[in-house]
Amino acid sequence: MASQFGERLTVSIFGESHGTGIGVVIDGLPAGIPISESELLAFLARRRGGQSVCSTARAEADMPQIQSGVYEGKTTGSPLCAVITNQDTRSKDYVAVYDTPRPSHADYTAYCKWGGASDFRGGGHFSGRLTASLCIAGGIAKQILAQDEIAVGAHLAQVGHVVEDAFPLYPTKELFAEIAAKPFPVINDQDGERMQQEIMQARSELDSVGGIIECAAIGIPAGWGDPMFDGMENRLSRVLFGIPAVKGVEFGGGFAMAAMRGSAVNDPFCITKDGTVATVTNYSGGIQGGITNGMPLRFRVAMKPTPSIAQPQQTVSLSRMEETTLALKGRHDPCVAHRAVPVVEAATALVLLDSLLIAQGEQNV
Amino acid sequence: MASQFGERLTVSIFGESHGTGIGVVIDGLPAGIPISESELLAFLARRRGGQSVCSTARAEADMPQIQSGVYEGKTTGSPLCAVITNQDTRSKDYVAVYDTPRPSHADYTAYCKWGGASDFRGGGHFSGRLTASLCIAGGIAKQILAQDEIAVGAHLAQVGHVVEDAFPLYPTKELFAEIAAKPFPVINDQDGERMQQEIMQARSELDSVGGIIECAAIGIPAGWGDPMFDGMENRLSRVLFGIPAVKGVEFGGGFAMAAMRGSAVNDPFCITKDGTVATVTNYSGGIQGGITNGMPLRFRVAMKPTPSIAQPQQTVSLSRMEETTLALKGRHDPCVAHRAVPVVEAATALVLLDSLLIAQGEQNV
Amino acid sequence: MASQFGERLTVSIFGESHGTGIGVVIDGLPAGIPISESELLAFLARRRGGQSVCSTARAEADMPQIQSGVYEGKTTGSPLCAVITNQDTRSKDYVAVYDTPRPSHADYTAYCKWGGASDFRGGGHFSGRLTASLCIAGGIAKQILAQDEIAVGAHLAQVGHVVEDAFPLYPTKELFAEIAAKPFPVINDQDGERMQQEIMQARSELDSVGGIIECAAIGIPAGWGDPMFDGMENRLSRVLFGIPAVKGVEFGGGFAMAAMRGSAVNDPFCITKDGTVATVTNYSGGIQGGITNGMPLRFRVAMKPTPSIAQPQQTVSLSRMEETTLALKGRHDPCVAHRAVPVVEAATALVLLDSLLIAQGEQNV
Amino acid sequence: MASQFGERLTVSIFGESHGTGIGVVIDGLPAGIPISESELLAFLARRRGGQSVCSTARAEADMPQIQSGVYEGKTTGSPLCAVITNQDTRSKDYVAVYDTPRPSHADYTAYCKWGGASDFRGGGHFSGRLTASLCIAGGIAKQILAQDEIAVGAHLAQVGHVVEDAFPLYPTKELFAEIAAKPFPVINDQDGERMQQEIMQARSELDSVGGIIECAAIGIPAGWGDPMFDGMENRLSRVLFGIPAVKGVEFGGGFAMAAMRGSAVNDPFCITKDGTVATVTNYSGGIQGGITNGMPLRFRVAMKPTPSIAQPQQTVSLSRMEETTLALKGRHDPCVAHRAVPVVEAATALVLLDSLLIAQGEQNV
């Protein structure tokens, strides 16, 4: 089940960076839902290279061809397959990789697992390019969730040493849309400027830098998720760690709560103006005991610095079993965190749609 | 699949804090492995209440009765079920919970999900007591892993504002055993003293405090785990978030890498004295692209402060739908992080044994 | 996932015939459903030994002890575990089995799989005794399905050369109840007499005989089940083949349709008096394309003759690797088909409850 | 998980009969295995229309385009996606289907499930055409199994009233190859002639006829499969019932054993000339207690008559909710059983490869 996830909605991702095509099969979509192609393309555009000065030069059209599962503009209920044909591949850039694995990439572990048979070019199946497949699926899930007034949004919360404000207690669809429309996905554009400077600085030093993405989801009723190993945190973290470069996931107050007192981070219950139960704060991130409590979902995802850097690095020659130095050429993002913002949204939307189908069953039955 | 996990080794946990019994079914254990009962009990003792001054007064024997799956001291290959009969239950302490959910507990979300039918007493199925079931399974998994020279260890890395040293680059079985033998699970006992003071201070202020557990695993060959959504990070995080109070999981350098450069956190490859490939540092936590690289696994788990505190807290009456104040009585740990150390080890051992069975297949076939 | 099945409702069976206890964990039960213990015991009594002249002498009380998941007589939503303590075990009867596997039992394959470590006594985990665990779970599922007016019934359709009538096009709850109340589960008692004679005849000749069980389920709405590999036939067959001695499963017209014409077995659609769509015949067994069509579910299960017979049989000595002769002693049913009737109902009820939860989601969310 | 199956090897099928394309994603293939395209095409040709006089006129090239997972002719270890573009579609033939569901097709149940949103043209996702996707995956699995000397073969055992001989106790690769090379897949060509006459007779009477396929697999070691719900019978039946028109599955002696005695169908153990354990007969079909015993796997699959017949049939108008008559036009096979022979082989090969990976683990780890 390596490149798949989901229970009632299953997502199967295929493709290698420099192979014939990449894509996704989504099984279990509800039937009869109109899918807007332009809205999907707009979502895909958010993760594509060439968006801002901070991204690589590789700029593919990434036009997905839908093979099945959509008829006359609506989902049919049977599996949706979309394929993107790879166009702009420069395999020569990666020849050195075969023998001298790039530090902190999956070259070496893929070699250990598949004995040299994997398609290493461009990172193969581990390439960030594969997140386009995830975004196709996630973009469709977002459109379906919107019919239930559920929205997912994310922003860059940190790049290097630049930290921006967190989402407010109650983020809105309008805020999500505003961030999504920006070339650089932040709440506060001044913070965004400083983040971009941090990224450009890293690039100018032939280096890269990490970041943190904050994600929120609104409109989710209380009661989704199961106890113990199938709660919302379990479901989300399993998928979020499938995004390349993610090395940490925290919900609500997260790691910071280690240094805090219960009296400070317990979320007191209150009655809202509408007469519903809510919490005054949201250190729980909308999840208690694995189950949603009706508050916005809130979590953060840590992305390590892009491992591809232009500085010479120490590695080994697997054929000669001796240490050597590797200097990477080719196009590399000095930071992947900003491009990963819609990817985190996509992964989240898919988990939420699966959870909706689990909680509410099939629509017509 | 709420209270279950695993693919080739499945673990199904049952029980409620104040019900008849709690326990676990483990399916898929390899056959013919001797299980030491005394070793298992010693492991279980590590999580039990009454260990140190920092724990609750509830002190159950937690003697598991094995119903099946062990014959003449060895695993049989068929499912192992162990049951612990609940003895020391004081249900009266929890009567108020029914109508006035405790802040940051699962009372309210269980109410939303199950419409008031759940067994709320003592937290019901969400109680930390259920981690005894996980520890039975994990304690058995540890014994089986030991046959392959695989060991798992953990320590308290932080409580409140007290931070102790991380594991060394290559932790050893001896270090794990040394920590396991201590009444308070730290590397440095002076740090442990300060942590216990922090906990006692919180208790004296009718409050609680959070913590961070660092866990490592050694002896794991390169090549375990699958790409994308079934890598080691995915498998581990899914289970770790099933431990009550866990709100964050990070691997290797984790969240701190957001502020760091690639040149600082990329793990250079080297050739060890034994002639094998290793990395000079371990910011990857032993996992690249979801797959083990032969280095020790290394990750950290954030635990929020115990939500049960003796201070009055704001909540709502669900029957009257109005705000009110709740003052909890009963026995509560001012910190759960130290007791959760073996629980994190147990969860990890189970994921590792499952991964071993996936990678290496069945033993006799 | 050997001894488990189910997606939203998971059933995990444990135990060995002569071990400490056997039982089951059911996860995913809806909450707040009253469970009648007397009704459950009445259902369990139907499969127990000693019911009729045709069964073995082993007569255990099979009183399940519920450990969790039921509070004040109602399901709590968290996993239900029930344990039956084994009482009447005569292990000496089975000593010979270790070295000389019984023909057409699982002794040899268990030996191949588990290298001699399995608990062979009484068939170990493969014993028909384990179907008591399945019946506990199924008996509970039947009570929950009854709340939605869904009923499952079965009868012996064939024993040896004695064949009785099939269920009518529209079987009723009353018919199911009538059969369930009989000591020998047939529609027509004269057929039942002849079947019992066939069984007694086999016993008197130190032999055994096979049979066929027909099962039906009513009250199921159209639209349950998924296409291809997760249709109702797929879900049911996977579980039915988990019942010991089952070697065939057919739906609706089944194997007989191989010799028939489309014009004879196509089910014409009609409008019923109630104004709903139905089919005039039911060769589809209530399932088309894997999905229920609103007609009664109808299928048949083939049971091989009990492999335990008192005649001498050829086998091999695994230690000496030479052919030898085995004469079984101990108590053995000359036919298991009649005792398997409630077991087939139990398996069916569990698959149907899982399908209900998939189709209709969680009750309170 | 509707259109998916498998545990370590997962197969996800997508496509609708008259949509843009159909295909399959296979995840978990071992890496570095050479795939012969010509061998694959030869296998696909066996199920394609236009093979014999008994098949429909629709004759598509069915040339699969591999998108990923193969590099320089070998599997890479990451998911293999293959797409077949639909070419020869005549949607007008199916317009009537929308309102008046075809008896014993999935039109009505798809309507109930998806509320009219499904792509009904040509049977949509339920079309027999989708078995091409299964055959792509199965053809690849057969090539990989061949490396371990495991072979799968099948033949038509019955069409209408014409029954041919069963496989011998030990079928050979040569026999499988001989049958596979024939235009009509039987052991005895005279039987095949009579079967074809039966089919042509049905067609001439505007009718269709059913059949039975016998399948065998050789080279499988003892010990594959798990007890209870994950045995080989469970794994195989779940997938076999995913083939359109399959209504029954039986292993070894199957339904016929209901009328037989244990003394007749118990498989005595013996020592072969090679000094290994075998059974004298194979009524168990190579499986005891769900686990392989080293004998050939042997089972039979019942296929109902093609539901599409040219005779007028009674149905209902869903819009008017009244009974009416439907006369199907278009191209229809009067029998699907002969074309389903390679499909049964494909499904079996995939289950066996999954079981091999479960039993033997990953190759390079």
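Each chain gets a letter, A, B, C and D, in the order it is written, and its residues are counted from 1.
Note that in this section contacts are C-beta pairs under 8 Å (C-beta built on N, C-alpha and C of every residue); 3 or more make two chains touch, one makes a residue touch a chain.
Here the structure is a predicted model, which is why all the values come from computation and not from measurement.
J.: Looking at C-alpha means, what's the farthest chain from subunit C?
T.: The most distant chain relative to subunit C turns out to be A.
J.: A-D versus A-B: which has more C-beta pairs touching?
T.: Top pair by contacting C-beta pairs is A-B.
J.: Whole-Å distance, subunit A centre to subunit C centre, using C-alpha means?
T.: Roughly 45 Å, centre to centre.
J.: So, what's the distance in Å between the C-alpha centres of subunit D and subunit A?
T.: Here subunit A and subunit D have centroids separated by 38 Å.
J.: How far is the middle of subunit A from the middle of subunit B, if each middle is the mean of its Cα atoms, in Å?
T.: Computed from C-alpha means, the inter-chain centre distance equals 27 Å.
J.: Mark out which residues of subunit D touch at least two other chains, giving numbers and ranges.
T.: As it turns out, subunit D has residues touching two or more other chains at 1-4, 7, 13, 28, 78, 110, 112-113, 125, 223, 226-227, 362, 364-365.
J.: State the interface residues of subunit C toward subunit B in the complex, per the touch definition above.
T.: So the residues of subunit C touching subunit B come out as 1-4, 7, 10, 12-16, 19-23, 25, 27-28, 31-32, 65-69, 71, 74-81, 83, 110, 112-119, 124-125, 362-365.
J.: Tell me, which parts of subunit A touch subunit B in their complex?
T.: 1-5, 7, 13, 101, 103-106, 108-110, 112-113, 125-126, 130, 158-161, 202, 205, 207-212, 222-223, 226-231, 233-235, 237-239, 241-242, 244, 246-255, 257-271, 275, 277, 279-280, 283-285, 287-294, 300, 302-309, 311, 313-316, 318, 321-323, 337
J.: Touching residues of subunit A toward subunit C in the complex: what are they?
T.: So the residues of subunit A in touch with subunit C come to 7-8, 28, 78, 221, 223-224, 226-227, 357-362, 364-365.
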